[in-house]
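Labels A, B and C are assigned to the chains in the order they are written; within every chain, residues are numbered from 1.
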Amino acid sequence: MTAPAGYPEGPALQASIGARHRWGAISRTVFLAATCIGILSLVALLYNVLDRTYGLVAYEFKTDPATISERPLEELNKAELVAVLQAHISKGAFNKLENDKPFANRSREEVFELIMERVVQIKVIETWTLTDSLLRQAEIEQQVKDEHPDAILQTRAWVTTDFITTPMSSKAEFAGVRTAILGSLWLIAITIGLALPIGVGAAIYLQEYATANWINRLIETNINNLAGVPSIVYGMLGLALFVRALEPLTSGAAFGVTDSNGRTILSAALTMSLLILPLIIINAQEAIKAVPDSLRQASYGLGATKWQTIWNHVLPNALPGILTGSILAISRTIGETAPLVVIGASTFITVDPDGPFSKFTALPIQIYQWTSRPQSEFRNIAAAAIVVLLVMLLALNAAAILLRNRFSRRLY
Amino acid sequence: MATTRELSPTTVVKDSVGAFRAVDLKKKIRFGEAIIQGFLFFCGALSIFTTLGIVVVLGSQALRFFQRPEVSLTDFLFTTTWQPAIGKIGIWGLATSTLITSIIAMLVSLPLGLAAAIYLSEYATPRVRGLLKPTLEVLAGVPTVVYGYFALTFMTVILRAIFGAENVQIYNMASAGIVMGIMILPLISSMSEDALSAVPRSLREASYALGATKLETAVRVVVPAALSGVAAAFIIGVSRAIGETMIVAIAAGSGPNFTFNPFQAAETMTGHIVRISGGDLAYDTIDYDSLFAVALSLFVITLGLNLFSQRIVARFREKYE
Amino acid sequence: MTQPQPSLRIDAVAAKSNGKDGHPDNYAIETRNLNIYYGSFKAIADVSLKAQSQKVTAIIGPSGCGKSTLLRAFNRMNDFVHGSRAEGEILMHGRNLYAPDVDPVEVRRRVGMVFQKPNPFPKNIYDNIAWGARINGFRGDMDELVERSLRSAALWDEVKDKLKESAYALSGGQQQRLCIARTIAIQPEVILMDEPCSALDPIATLKIEELMRELVKQYTIIIVTHNMQQAARVSDETAMMMLTDNSRSGTVIEMGPTNSIFTRPADKRTEDYVTGRFG
């Protein structure tokens, strides 16, 4: 047996093997680090958002709250607060408030807010992040004392139930996301109502009925391509088609709704449906593909028609997968911003949406708007809105997993 | 040898209790089935209508744009200032920013995504993978507007701290590009990992049996074998970066700017569409029409990239098995 | 990771044994009380076998009795299965392959393996062979190494004009011979073959069996096969494996010269198996 020529031996061999193992160890660490960078980014993102949801705020008042009533405002009941309010704003303004929403229907907190807004005219000077508020508290206090001697410093939580239930306002300190949440919910409801049946229908057609001819192959390729089209292109399509060309339909004029244009929830929902349709179709196709053929054979073997087989056997079996897919689609719908901006979602409306033909705003639109403003308090409420959005998404996905597990178990 | 008897549409057969019954085997017309099938076909065909809609709508509006007397195709393709109101319609005023932000995004997402895919596919134990993979998926589910917020309030601050506030503008392409890269990372990682996992185990075993280390096997056998999938992932990533809107709208700048300095503000094609359509926009103005020209360019570019990636996967798939 | 001792080199060790029969260094692979576990499941129970240098040793037995598991222990391929561990010893020329300071990468270089289904790399024929040589640090004449390996695998004449073509263009039998060429290019001492012909047609099988008789002049070959006639044709020694009566663990119930095993087996179970009464 000849010794191998050309291969390293002895110390050279050990050196080369050692080098190879060293490279292996280094690379393994590098690969792991790369994976962790992704996770660290997520942590940084969450930290960055949460950091602005709670912190010190410097307020200035036009009217000192201590001077408008003998007892502190916090101790007054609703009737007394209404009296305070009436005493300090003009008659016309008070009557307008009464007309908009009678004081009998308003909660004590709402009246309190009104006093803060109209009478005290509270104004935010500056806000600080939680980290700053914790670490540099003394420094901040000194800074405020030096620059704004009349201001008071308080900690404020920006994500509160008030935040969720209050409608929009042009002032950051009083703004809430109610209109936006309702707008998003309306949007989701109509979008899913349109996209789900059509998407699942298309998937059923492609998997169960379609033969391998050119038109069906074209449809499949087409769907794959549509899934990759940027969402803003869908927005442009929606603008030209639903908002402009089909204005009589989408503004509700055809149904007798007056005083409206094409920039309605319906237009947005139609656009979003087109956007998520490829997603739903591809997902549902996978779910239907996964149904074992033996199930279909059993059904046909008993003399069932194609539709009976699909409706009674294939669909129920594919249901968990289809549900998961629709939840993914809803998650996408909630988070999409660009098409809605192009369609013309309102950036400032205070009236809750009341139907498919109303103007609307949505949560991501609010976030976009508020982030674009330079004042620091808008960063805070943007962060608060982001928290609301992420919680909604989390809840949705958790519901998806629960639903899917529940349906998976029911079949057996 | 029994003779076969042809069953006529109406046949008399003996049933299980020995009595004779007439059995009608004639083909029935089932209207319900036909209607349902028609409806389902319509659902499937709707996607074609969507594509037609996009092409027709974008095309016709863009055509109106190009038919304007002050607009010429050569200007559109070869000049670098974008200000339609004064007649300057050079797409490169916007496309440069799209290009630079996308390049930065891919420089971030491709190495990191591929490295993460290699780790998850070749090194991680099933338990570790079960932990890390879903976390990366979460990154993919965060809405892009949240990433935009992150880019403006965090990444820009960091860049300004590292490179100096005088070098880095508040709105800049680098910040948006890096965050876009982070957003695309899970896409690249997940598609690459699928491609790597699809490489048959027998190839890895052949490599180990020749005395190769794990690194050598992963990098010199598995990745080359999965190259088509990785290339497809890369191209889809680029397509995603080009079409991304909110991150650049929030963080990259508002105002077209022909520059190659990533620390400056420059509006991208997508950011421009969002800004203009989000403001007061009258129909049939040059601004309105120009948006469609930009959108059409976006559509053509991303469609081309997606088709290209499908072609690559198909071509290289024949390479083995 | 500490460096392995050079005593894995065959010529350093062959000198010590002086070719004495029964000397432990003469056994290319020897196991002593080997147990292999996958987690808590014992796959291989108490195997003590000896495979002589430059002989073909066949391992036969019904399917599922652990032949492949045993074979894969010889080049530490089992290490890749999560939760597998080996108790006992596997010695190559007297050196325990599972000792803590032994590098599995080096073991796999010395103990090559040919798999059941041919698995050439998606590269051309030349690169398939050159790749293994390169990563193991080969610095000599690559063209010469490739030609030598292909000649030893009885494949040179068929492919000498298409070295740059894809390996997948070859037939199944040619691919398997390419895999053999690739293995001998890195010059192992032992070649393990896990049912190398089960995916091939009879003519290709014959070519490989002829090749084995040539290769054994230089290498030790251990072959797992479920084809008893093949074992009878090619091997010098045969080990018979079976699942032990009460458990799911495999063990070697008899081992000896192939002639004796097939004509005068000592164990009744072996006799039943080779005469086809079960299997």
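Miscellaneous remarks
As a working rule, a residue touches a chain if its C-beta (ideal position, glycine included) is under 8 Å from a C-beta of that chain, and two chains touch if they have at least 3 such contacts.
Since the structure is predicted, the reported quantities are computational estimates derived from the model, not experimental observations.
Shown here, the protein chains touch in all possible pairs. By C-beta pair count, the most extensively touching chains are A-B.
Distance from the centre of chain A peaks at C, each centre being the average of the chain's Cα atoms.
Centrality by C-alpha centroid: the chain sitting nearest the overall protein C-alpha mean is B. Chain centres here are Cα means. That of chain A falls 20 Å from that of chain B. If you average the CA atoms of chain B and of chain C, the two centres end up 48 Å from each other. With centres taken as mean Cα positions, chain C sits 60 Å from chain A. Multi-chain contact residues of chain C, defined as those touching 2 or more other chains: 105-106, 135-136, 186.
Taken residue by residue, chain B touches two or more other chains at 213, 216, whereas all remaining positions touch fewer. With touch defined as above, residues shared between interfaces to two or more other chains in chain A number as follows: 20-21. Listing the residues of chain B that touch chain A in their complex gives 30, 32-33, 36-37, 39-41, 43-48, 50-51, 53-54, 57-58, 61, 111-113, 115-116, 118-120, 123, 132, 135-136, 138-139, 141-150, 152-154, 182, 185-186, 189, 213-216, 219, 236, 239-240, 242-246, 249-250, 270, 273-274, 277-278, 283, 291-292, 295, 298-299, 302-303, 305-307, 310.
Those residues of chain A lying in contact with chain C across their complex are 1, 3-10, 12-14, 16-18, 20-21.
The touching residues of chain B, counted against chain C in their complex, run 125-126, 200, 202-203, 205-213, 216, 220-221, 224-225, 319-320. Of all residues in chain C, only 75, 77, 80, 82, 105-106, 108-109, 112-113, 115, 117, 119-122, 131-132, 135-136, 166, 168, 179, 182-183, 186 touch chain B in the complex they form.
Across the complex, chain A meets chain B through its residues 20-21, 23-24, 27-28, 30-35, 37-39, 41-42, 44-45, 48-49, 52, 197-199, 201-202, 204-206, 209-210, 216, 218-219, 221-226, 228-237, 239-241, 244, 274, 277-278, 281, 305-307, 331, 334-338, 341-342, 344, 347, 364, 367-368, 371-372, 379, 382-383, 386, 389-390, 393, 397.
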